[in-house]
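As written, the chain order gives the labels A, B, C, D and E, with residue 1 at the start of each chain.
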């Protein structure tokens, strides 16, 4: 169990409407990621589901039951916060046990569950430490442990990894994915990092200013973004978007080409440009090419051992099959 | 050592010396008071006995025998302790609600509370006497002193607690909500243990302010509830200048609180500055 | 129960208590300020009971307004409060900077420095005016006569005698005179409250961003420039708090005024009210209302000052 | 069982403090518990006033002074006192008794009384070759002060009250004004502080004390001067007769207060007395206690108390006290004190339409007195000229008196 | 100008030696990145160059001149801090002008320079705001502006981007690279993010515990890491390192294969494994394969549209030409 439905939910803070009427279905067992730029209402939406904010109108339905007026703790959801929100005065053990203790569970049973959770999260060595004595990654684990023990209908994560450094982030996101695969519980995950969204999600919800721009699997979004916003947001490095003359040639108001769908040549090609900064990652090289048809330089993904001189003249050719076309409202269309 | 923190040889010696001198100068009056309390009244005003004299405990024994020091001290302790407790009992929930469920009015309410401390006590002394004596009949009771001390300090208490509570991340309280605690549980399980340092230093400062409060305690009591402030009032201008006796009474009145202050000075800062200074 | 109700409920006791604490006496005072009311009168016994039949309208206010003492009291109130604030801020800042480095015994120095803050106001006043500032029996008097005696004796000394004969004879200063009594109050309260400023500034100094300082070093800023452009602005907020809290406490100074000179030269509004209240409750109440107005003017100023930094 | 308990508000000076110990015997004898509240004079007055005026009944016995007694008696705030024959009311010094009565009824029983006199160091005057006699002329006093003034040796010619307060500097200043023929109010109760008599008196006072007094005189009252005097810093002191019992310096001689032509009112009259507030629930017990505490027996009780003795008995109230040889032996000043007391005249007269020597027994006086007191202190310290101070005093007093509805 | 030389520089804090004797040459105009794990002494080294720390022994030479005893402001270097270290109560304009003002420059000239810097950094709209009113990226720009105006011999950056979010970080690092290309001033850049190091550096200095592990261009380090530490540190996702049986087959104590040098097949290959989490980035898919010869799952970079089932059996084959071999001390060697 753990299906969640939002029906015409809106939210206003004072006079400003942060979430205009919004509908969303989340299936049982799905890993759904809310993604979008800062301030677009991701956290607000998550908190509406959790019950930490009251809806201004509309209904929140969990497992078919209207929980709009139900207090957070009765909704059967667990939440992991960006700042971990551990209880700093309790040991790790007590932190994890806290929700069980609050529900009046038998102490022996609590111990068992805490032990199980801490084993699965590799926390056994730290059970008697306080959160202040843990590293960022360990704290995040404790927060997850506190969520797990309750056996919730669904997990809510609000940017759980954004306070970790790059290497740890990669590791933790793997662990969370792994966990989801094993437990099969519904998870809603908020992030503004599209890489996280792409790598973790079964279903991505792209939000902008409180509106849902597109919902779909990562590859759907990657392959057929429904508008320029989604196109620019999903994929790394970003899709190159060109409008004006260059686009008209392809019968569109704006065209989009991903860096990996541009081929580079020093002899000939469709577009002529000048090499800017090249970023050598070893495995790949991202070449930034300044091109008259675009105000921003175009990013091209090339082989790892490509060496191009700064300022050299090059030619780019887009892969026509992978070209995205958008109308003047930014909506995608097919020819 | 980073060069920001680096000091020349001159400043390594000069500035600490100056700091020590400043500290000694600042503390000197208190030292002098305590020092004088061990002199007889006669010695206390004689330059030739400035530092050389036979110390005596006479002033203290006189104070205990003739001035009922322990009764005043007892009242001070009882009223200050209970006023502090009640102020916290009323203040904690209020500050909690203000910090975690602020409304648009919260700021104004806080401002208003603080502004009540600016009302000149003298302006309402007479009505207060009149009310407590003739209508309520609680004049000169510890109850009245406790209530008044509590009310006088409540704005500061709420302000201090508010600023401590504001430092607690909202998420922790929300995590508690998700974990199934009710409001009382939030206060008991999360808020109080978390803000313990802040609550303790608020309590200490309130206690100090209660202890030192003189205007109301002297004017709303006669015997039963009179505190050390009254003892000071009864001794501050005796016939003849009894510096020795005066010093002993004063030392005994401020001693406990100064020592208490030493222990809590660090925590005081955060609370007093409403968290604006970290 | 709606989610808003509970927070309201939790605030209610405190708000109600303070409301009662403020409104009840204040409304009585307001009432008294509009009637004739004296405690005792031989020729107008009817004035000795507070009654609406003794309605006087603005008479008490006019009486107070036309009273020179009233304006002097306002002047003194403001003068004393602002002087104390300026002094404590300046001295507190200097001391905080002095102590804001590690050296042997820093802990003890801090303890010594903070002590005056915990002294009872009445003890503070008694201690200073009698035992320290008294021109004859206090340390001041003893020191002055000691120095005079010393230079007197040295005058006849060979070689260096001429130097001492140039010394003027020192006269001790009386701190209870009209000219100086406000200074005495300012002095003793400054002594008591400078520690408070030190404590706050010290903490604030410790939170100064080291990287900012390093950036400034790289930018070529000298010690003074760093103080002027980094430290001082950094202390602006703690300063406003020091100012506000002190204003709250010092507007109602009473014991110090009484003990130093019974209002001679340093009479502030609370003390003036106290004096009037020996008999003329009506006038005292009117003065009280004026004092409330003055306090509110201060309050608006000060609270504005810090309210911005308050809620974030 | 007698469960009576009395709450007694006393001013914190020596005789009263002693009474707390002496009264242990009273408790032992009668079973009446006594709760003492000792306060500084100003605070005591404030407390007792507000309590009494609000009919509060916090206190059963209160210490009040001669200024309040007749007013409060008239206002019905305190109970009339009548004592048994043993009390021997005729033994009481009549100026004191008159000062504590209203319309012939006694409202407060005197605990101790005082007038003022000159206390000077005979060794110094002798050395300087000057003399001071009873009821001397002010100019002579000034000359004597000049002769013994020697600040280099730490001796000041004369120590006088300067600390503002109607009971402090104004007590003394009023006697000077009286001796110059002035008074507080004229027959319409209009203040007369801008009169020539006041001007002459104040000029003289400021000149005398400013020239031959110790530094900081504007801060000195009884307590401060006593300490100075005992430190040997004062050549001469004109103050309460009670001071004499505290003097520890050798060679003190006494003289009746000086004047400048008008001997009436040149020495003040004051008594700390005990009264029963009208609201007291224990009025009878309270009266009994007062009867005991102001009786002849009390004097003996102090004299025979192991901690005290004849040197500590309260003086200035009863003629009989001065008949004890032990007392006269222990108190060399007794004779002078008695003389001063008996010459004091508190009654209203042609010149002054109010009761009281150095004060006026009207409710407004404390306010008037404090206002003027501060002006006088300002004149003394040079913050204002005498003329400015007098003009300001007159204006302040006039405002208060007209506000009070006298005219 | 702007060559920097460290000669036997050491640094101890109290008794702990943080930098053992260290030599380093930085050529004029080079973009040098110090990279290494947290606490390895990167910041310390940078601060020694800046003069914010005094050397315990050794010499710092700038443009041939021994500046070991010269105060920071006289060394002609500009530094950009991780926390930006802007002056919070000054406007952007004043922040940028501050170093010029301190040097007593003529106000008109200051205005000109500030205007130039703010234009080049796109800060013109914010000149009158205070730092508190700016976003992270804008603040970072101001910090750079403050460094630029002084026309320094070299720029020192201490993790300037680590407080920014992923998207901004990419943009800013491009801007800095571009800036370097245009100005040609020596830059020393500290980071613990290997992607930044790879994409920006002319020369990377890999540090561990205060020692230099390897110095070289990004591709040198990528292609021939001199030891397992560098091998594991450079490249993203991390190089797969295997020891034990699997390595012995290739005559090494440890072998390393980068994810992009492993090919995946469901039919046959050298190593048999089980599919774990697959991360779909659109452009690529990172497949994590659990394999008996390694405790950690192996990461494989595969095509963006590869779909593999969780738990499926697959075979991996390393590209022998791109295989790295290490001896028991972790040093690389060639056969």
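Just so we're on the same page, a contact is a pair of C-beta atoms (placed from the backbone, for glycine too) under 8 Å apart; a residue touches a chain by one contact, two chains touch by 3 or more.
Note that the structure is predicted; figures quoted are calculated from it, not measured.
**Q** To get from chain A to chain D along touching chains, fewest steps?
**A** 2
**Q** Farthest from chain E by Cα centre, which chain is it? Let me know.
**A** D
**Q** As a test of whether you follow the contact definition, which chain pair has the most C-beta contact pairs?
**A** Highest contact count among chain pairs: B-C.
**Q** Once you find the CA centre of chain B and the CA centre of chain D, what distance in Å lies between them?
**A** Their C-alpha centroids are separated by 39 Å.
**Q** For chain B versus chain E, what separation do you get between their C-alpha means, in angstrom?
**A** 54
**Q** Any idea how many Å lie between the Cα centroids of chain D and chain E?
**A** 90
**Q** Counting in whole Å, what is the centre-to-centre distance of chain A and chain E, each centre being its mean C-alpha position?
**A** 25
**Q** Considering chain E alone, which of its residues make contact with at least two other chains?
**A** Answer for chain E, listing residues that touch two or more other chains: 52, 71-72.
**Q** Of all the residues in chain D, which ones touch at least 2 other chains?
**A** Residues 46, 50, 224, 227, 231 of chain D each touch two or more of the other chains.
**Q** At which residue positions does chain C touch at least two other chains?
**A** 137, 145, 214, 217, 274, 277
**Q** Spell out the residues on chain E that touch chain A in their complex, using ranges where they run on.
**A** Chain E residues touching chain A: 38, 162, 165-167, 170, 174, 177-178, 181, 192-193, 195, 198-200, 218-219, 222-223, 234-237, 258-260, 276-277, 279-283, 286, 288, 301, 304-305, 310.
**Q** Which positions of chain D touch chain B when the two form their complex?
**A** Those in contact with chain B are residues 7, 9, 12-14, 17, 20-21, 35-41, 43, 46-47, 50-51, 54-56, 58-59, 222-224, 226-227, 230-231, 246.
**Q** Please give the residue numbers of chain B that touch chain A in the complex, ascending.
**A** The touching residues are 169, 171-172, 174-181, 185, 189-190, 193-194, 196.
**Q** Under the definition above, what is the set of chain C residues touching chain D in their complex?
**A** 38-45, 47-48, 63, 66-69, 129, 134-137, 141, 145, 152, 171-180, 258, 261-265, 267, 274-280, 283
**Q** Touching chain C in the complex: which residues of chain E?
**A** 50, 52, 71-73, 77-79, 81-83, 85-90, 98-99, 102-103, 146, 150
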